[in-house]
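The structure under discussion is supplied below as structure tokens; questions concerning it will follow.
Going in written order, the chains are labelled A, B, C, D and E, and every chain counts its residues from 1.
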Amino acid sequence: MAEVHLSKVVKRYGALEIVHGIDLDIAHNEFVVLVGPSGCGKSTTLRMIAGLEEISGGTISIGDRVVNSLPPRARNISMVFQNYALYPHMTVRENLGFGLKIARQSPAVIEQRVNEAADILGLSPLMDRLPANLSGGQRQRVAMGRAIVRNPDVFLFDEPLSNLDAKLRGQMRVEIKKLHQRVKTTVVYVTHDQVEAMTLADRIVIMRDGHIEQVGTPIDLFERPVNTFVAGFIGSPPMNQLEAMIGSRPAGPVAVLADGTELPLPPEFAGRVTADQAVIVGFRPENLYPAGHGIPAAGQTLDMDRTVSLSEPLGTETMLFLDFGGREVQAKMLNPRLVAPGERMPFKLDLGHLHVFDRASGKSLRA
Amino acid sequence: MLRSPRAIPYLLLLPSIVVIAAVVLVPVLVSLWSSFTPYNLTRPATLFTFVGWRNYQRLFANADFWWAFGRTLVFVTVALNLELVFGLALALLVNRVTTGRKTIRTIMMFPMMFSPILVGFQFKYVFNDSVGILNNALFSLGLITRPIPWLVNGALANFSILAAEIWMSTSIFAILLLSGLLALPQDPIEAAKVDGCNPVQVFRHITLPFLMPFIYIAMTIRSLDVARAYDMVRIMTNGGPAGRTELLWTLIARVGYQNSQMGMANAMGYVSILTSIAFTFYFYRKLSLSRRYMGGAE
Amino acid sequence: MSARMIEQPWQRWAIRFALFVALAILCIPGLWVVLTAFRPNVEIMARPPVWIPQHPTLDNFRRIFGLLPAEQQGLPVADYFRNSLVISVTSTIIAILVGMMGGYAFARFRFRGKKAMFLGFMLSRTVPGIALSLPLFIVWSRLGLIDTKIGMIVIYLAINIPFTIWLTDGFFRQIPVDLSDAAQIDGCTRWQAFWKIEFPLARSGLASAAIFAFLTSWNEYALAAQITRTTNAKTMPVGLMDFTAQFTVDWAGMSAMAVLIIIPALILTFIVQKHLIAGLTFGGVKG
Amino acid sequence: QEGYGKFDGYTLKVKLIGGTQYEKLYTRIPEWEKLTGAKVDIVSSKNHFDLDREIKQDIASGSISWCVGSNHTSFAPQYGDLYVDLKPLIPAETLADYVPATLKASEVDGRLVQLPRVTDVSNLYYNKDVYENPDIKAKYKAKFGTDLAPPKTYDEYKQQVIFLANPPNLYGTAFPGKDEGMTGRFMELVRANGGDMFDDKWNPTFNSPAGVAALQWFVDIYKAGAVPAGTVNYTWDDIGQAMAAGTLAIDLDWPGFAAFFNDQASSKIAGKVGFALAPVGSSGKRGGWSGSHSFSVTQACDNKKAAVSFITFMTNYDSEMMEARAGNLPTRTKVFADVEKEFRDKGNTYMAEMFGTWEKSLETARTPPLIPQWIEVSNVLWPQLQAAIVGQKTPKEALDKAASDAHDIMEDAGLLK
Amino acid sequence: MAEVHLSKVVKRYGALEIVHGIDLDIAHNEFVVLVGPSGCGKSTTLRMIAGLEEISGGTISIGDRVVNSLPPRARNISMVFQNYALYPHMTVRENLGFGLKIARQSPAVIEQRVNEAADILGLSPLMDRLPANLSGGQRQRVAMGRAIVRNPDVFLFDEPLSNLDAKLRGQMRVEIKKLHQRVKTTVVYVTHDQVEAMTLADRIVIMRDGHIEQVGTPIDLFERPVNTFVAGFIGSPPMNQLEAMIGSRPAGPVAVLADGTELPLPPEFAGRVTADQAVIVGFRPENLYPAGHGIPAAGQTLDMDRTVSLSEPLGTETMLFLDFGGREVQAKMLNPRLVAPGERMPFKLDLGHLHVFDRASGKSLRA
């Protein structure tokens, strides 16, 4: 049993406080993904859990032991370091097998486990190279392999796939998922990749500046971000966010944009907004689409003609940039065709998926 | 030619080569020649009498020489290894402290400030059996009732010069290894901790391999440098009593300067050079192997 | 990353204690010499022993400087000191510069004869002093370098250069090549990249090499005793032997002189050792 | 007063023994410079052994560019014809002022290659705390039936030191156990026993019965614990320190220690030191090992007159008085009497007594064999002496081995007749 | 003018050949993105262009100079290293300003340019830190900043954004685009991010194992991959590829899958396939969708009922895994709803977007 509990955990470097007393309970066998902007304290948090960084305040426990002053080796964890931290004097094979050797596994077991990991990671032809003679991605895979050959209580992954190509990353993602299902360990995983976060996580933890902003299942975070930060952070391209004032209309409250456009709010906001409240209205690019080139909205839409200022074709979809409500917003065009900048097109905004946040606090006004 | 990039390493090495050649090369050739002559210091003309291998033949038949030779080998081996172990331990300790680091490091190097001759006198008095401080201390502590003749008994005398040598040189290892420790990358150590290593295993599997190149460099430097101990040994025992602490260096110096038999002394010198070369070669091989992983051109 | 590791209090104390013991062992024989310098001779090797000086005195120092009425003639300590300082400092600086160039060449370039040269430098140190001293003396006397500071400086260079080369070679190898690559991309010549990037990063290594080189030259006796003769070039350790006569060794005076030798060395070492810095290359490259 | 000549503008290059004990004399150099108008350039100033090594190097490298060198009777034979014979250069009447035996000992192959500056020979210092202790005296008397007084013979010496030893606080005596010191003390005893180191044909004879007896003497006192066990490693300074520390009852030692032993600041036995003549051996003679520090003039010197003037000045009456006042044995006959008187007048009977005692012993004093190979022979001899003393060999075995090695050396040198 | 030409460029490490004679012409002011699996030689190629790696064979020229033996500084390039290569003893400010200082720019100019870059990169509060005290992403931004403060002829970027969060990465992408437009330099850019590659590149170069597989505009590569490798590499999730045999039917050629399903081929393949030819048929997950949850196909579809074995909700879309043609394939469900594994749904496969490759050679059979 390896649940991980962080309670009021603080990290200071000298006078500089980096992590401001975070609380987090991770259940046994849970897969938690940590996301957040660069420099928000993700790695530091992992390193504190691993025991590599002194904890300036609060407690961390693994299982039912408070581990604050336990050395890393007593915590039974595996970690993929953001900067790999390979053993430069050992070959790939030795790097992979080192943890097992220390755990006094028999050579046969080591051999087998190492080869297995190497196969998964596509490292087999490189087993006798030194890290210095590997490419960036190959090094990262070695770092990954070193973690997965072991059977720890907790896996800590710090951006383990960031330097791999999309295809390999996809494969690895599946392998990690399998691994997690097979060995039933607790995983804390840092990533900047939205797809990874969404597909792997049981729960996602969003950090900002050493605080936790929201914890929840992927879909939760995606559909019910508690504030503008989370809304802007989850989903790529990010949610369009526009300043607006609440107006009350007979049919219900509307959001009045800077250019006077009125967006009728979904019924769930009735009673949660007050007239003349300064708010932020958000909608994802997916919900703004050229007519006929999107997922037809289930409910009401706002229809308009807009000039496209820039288009970014991505293959099966194209991102379109256009002015709306006094700002540049992004729209997503499925079933794409070539769009030249300057082209005027009819757009539809799916009003059923509007998000509304209080402008002062940034907090979501949804239930 | 000189401007081409290929010349750069040679240009960089040129000053070193010039200095070494000037100071070492010519003298080495002269002394090599003289080892084939009956060269006597006070009779310069003897430098031009060629006697072939006579000096060497005599040498090989000389039991005293071989004793001194063997003793020197043992002395060097034991001294170097102990100095390494102590120096390493010291460096590791000093590396761990965070407060008063500068002072502690300076204190650590304290014995290095002592000129070898001074160390000779110092330890001669320390180990003096009747008025030396060691026996005095042992008496005061009530540990002995009869003075221990440190510099007389064969084993004790060798122990004593060894102790002096170790005292004098452990710091050198410590400082060289400390600077190696300072350059130690932190990442692999953290990785090893996470991989389940206890401090000893971290040391064994990560720190030590990283230090190995520095250890070999320090070993090489010191193995060639132990001859510094000559000044010290000469003053402490000058090879005595009854040749029990005779080392090559005391023997050679006595033969060469006191007895003026430079030719013979140089022959002895060459036997020791050949041994040093073997040592050096061994260390060089180890060094190259141990830093295979390091950056830089092979 | 300069992580501060988890360390139990008992570990901290164990380390402090072990260190204290180690430093005590290192210091006591030396401190005894220093104390001797401040004792009258009666106390030095007395039976029963006198541990703490009962009558501390500066007479031993006064004697060196000729300040005692009985001895009008002091030793030319100022000259010895100047010689020692000039010789040691100059030879150290040059040895570090020249050796560093060599070390860099070995660490960063491939070239023909590299192994042979590296070995050659090593082998140059295998020659025992005795095999060197006389021919060296002969050559030096032909060149008029006997009893000159230059003569000593050149000799110490030859002693100090080889190990400076090995040591700096080791340290330059520790510095990721990518850093000098980056500097060259940033428009540096190789020379600039060296001075601005690699040199500062090898600082610890250079500092330890410098300390070692300096103390080696500062304390060297055998060759100095041979090549130097007068106040022109005689160094402090040779001056130390002024306290030995045919039948006597003035141990008190010698200890006082030793103190005079040790103090400048301590000061210089203390200054230089601040360049021994941990983790100079941390954070530079990933992986 | 002698005339020292005029050498205006000339620079005399000299190579002098250095060290605090010897350099005091050099304060007189300016006076000579003033007298003669010459300048003195001290091209080297080193201790005894380093100076020897340096001179050998100069010979080897052919760079004799100096005129005057410090010398010593033990070293002089090695230097071959480096130095001139001074007899033709110094007026006989001047030479007559020196102690004849000392001057004689300064000759090598009949050439006066050096002008002696201070002489050394050993006599006994004893610790009055021990020798005048009624308790000890009574016990001694009870045991041997004679009064305890400084020994007259080596046998008595042995008996006393064994009796008096009470380690670790008090030893009977100590002797230098390595290097030339060991050889010298042995030689002294061999000669006192009627033997010698070599015969006329330069055959080593120190393994004669007299030699064996001499070595046996050392072995006996060593075994009996009358000397510190470490004595085999002692050189003069160790013995001096031990004596000054009050841990020796009696000490056969050089005159230079007299002042040291009586100095409150350096010695615990100050005021309690007595002198006695060195003991005699089985032949009834004293061994009297002596040697002198001296000055020599090189053959290569470009102005031998100036050089001779310099060395005469440095050993003239005033210079010698200066040396004597510092406690060194002078080399001029008159100075002995004068300095003794001077000390007595100043109430320093201790030093006065010292000069009296030592002057007596000079008559029978002898140098080691004045041959270049002496040091080399010494170097094969003393390790063997040590071997016997520490019980590794019998005296006979040890001496035979040394004699055979010495024989080889003499043969190689072509000295054997 | 800084076009870059690689001609038969070979790189060997000892006996091991890593880059096998590649040819590539990059026009002045072109933005070329290099993609390829981990270890295929991208970094090596960049480093050869930069002059950091000896060229074992062939020639590289920049502008009209052959630069094979020119030192890096004579090539006037900026580079972001994959492993950052920050100067560890310099503060962030000094790191950023170093290149300018070496170029003897006035302090005022340096100050201004450095601050500008720091602003763009969000490094302003960190200017006096040493690299060791930065987070991974912050370090990467410094590496990036060091390159962009300068005005080189050629920019070389080696995965410069891999450690940044999606939001920042989006911003940075825009900045890079702006930079490129402003300073009109040639850019060679290595990335594993499909969006980056698609949006930034004028042309994409796909490498594999030291060979160039295809060079073309993003849309080109996406729509007309020349072989199965490219088809599988571009697009995320990757194209579904199934083994099939060509059958000829009166209506035109069909691909017969392992389970006997027949897929009528688009007309363009007529005449390009022969009966009984062993082929690979590919279609992107976007073209296989649950009925009503995809972009309605313009032409013919294949309709079928399938059981979903696994679903991965990603927010606005959900990936579904199902068996088809004897293999597991991925389908994309837009307008998503919760799908439980085991649920049976009607799927549509858009037959107009089929790709067909020769099975033996892997080559596309399209024109």
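Here is the rule we go by: contacts are C-beta pairs under 8 Å (C-beta built on N, C-alpha and C of every residue); 3 or more make two chains touch, one makes a residue touch a chain.
Note that the structure is a prediction, hence the values are computed from the model and not measured.
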Treat touching chains as neighbours: how many steps, at the fewest, connect subunit A to subunit D?
2
Could you name all chains that are in contact with subunit B and with subunit D at the same time?
C
By the contact definition above, name the pair with the higher C-beta contact count: C-D or B-C.
B-C
Please indicate which chain is farthest from subunit A, where distance is taken between mean Cα coordinates of the chains.
D
Rounded to the nearest Å, the gap between Cα centres of subunit B and subunit C is 15
Roughly how far is subunit C from subunit E, going centre to centre by Cα mean, in whole Å?
57
Where subunit B and subunit E are represented by their mean Cα positions, the distance between them in whole Å:
59
Give the residues of subunit D that touch two or more other chains, as numbers and ranges in rising order.
53, 57, 60-61, 168, 241-242, 245, 247
Provide the list of subunit B residues touching at least two other chains, using ranges where the numbers run on.
41, 128, 130-132, 139, 185, 187, 190, 262, 294-295
Mind pulling the subunit C residues that touch 2 or more other chains?
1-3, 45-47, 134, 138, 176, 190, 241, 249, 251, 279-282, 286-287
The chain pairs that touch are A-B, A-C, A-E, B-C, B-D, C-D, C-E
Spell out the part of subunit C that touches subunit A in their complex, as residue ranges.
3-6, 8, 286-287
Contact footprint of subunit E on subunit A as seen in their complex
13, 35-39, 42-44, 82-83, 122, 133-138, 140-141, 158-159, 162-170, 192-195, 198-199, 218-219, 222-223, 232-238, 284, 286, 293, 295-296, 312-316, 319, 334-335
Touching residues on subunit B, where the partner in the complex is subunit A:
185, 187-188, 190-198, 201, 205-206, 209-210, 292-295
Touching residues (chain side subunit B, partner subunit D) in the complex
41-44, 124, 127-132, 135, 139, 146-147, 149-152, 157, 236-243, 246, 254, 257-262
In the complex, the residues of subunit D that touch subunit B are 53, 56-57, 59-62, 78-80, 167-168, 171, 174, 177-179, 228-230, 232-233, 238, 241-242, 245, 247, 372, 375-376, 379, 382-384, 386-387, 389-390, 392
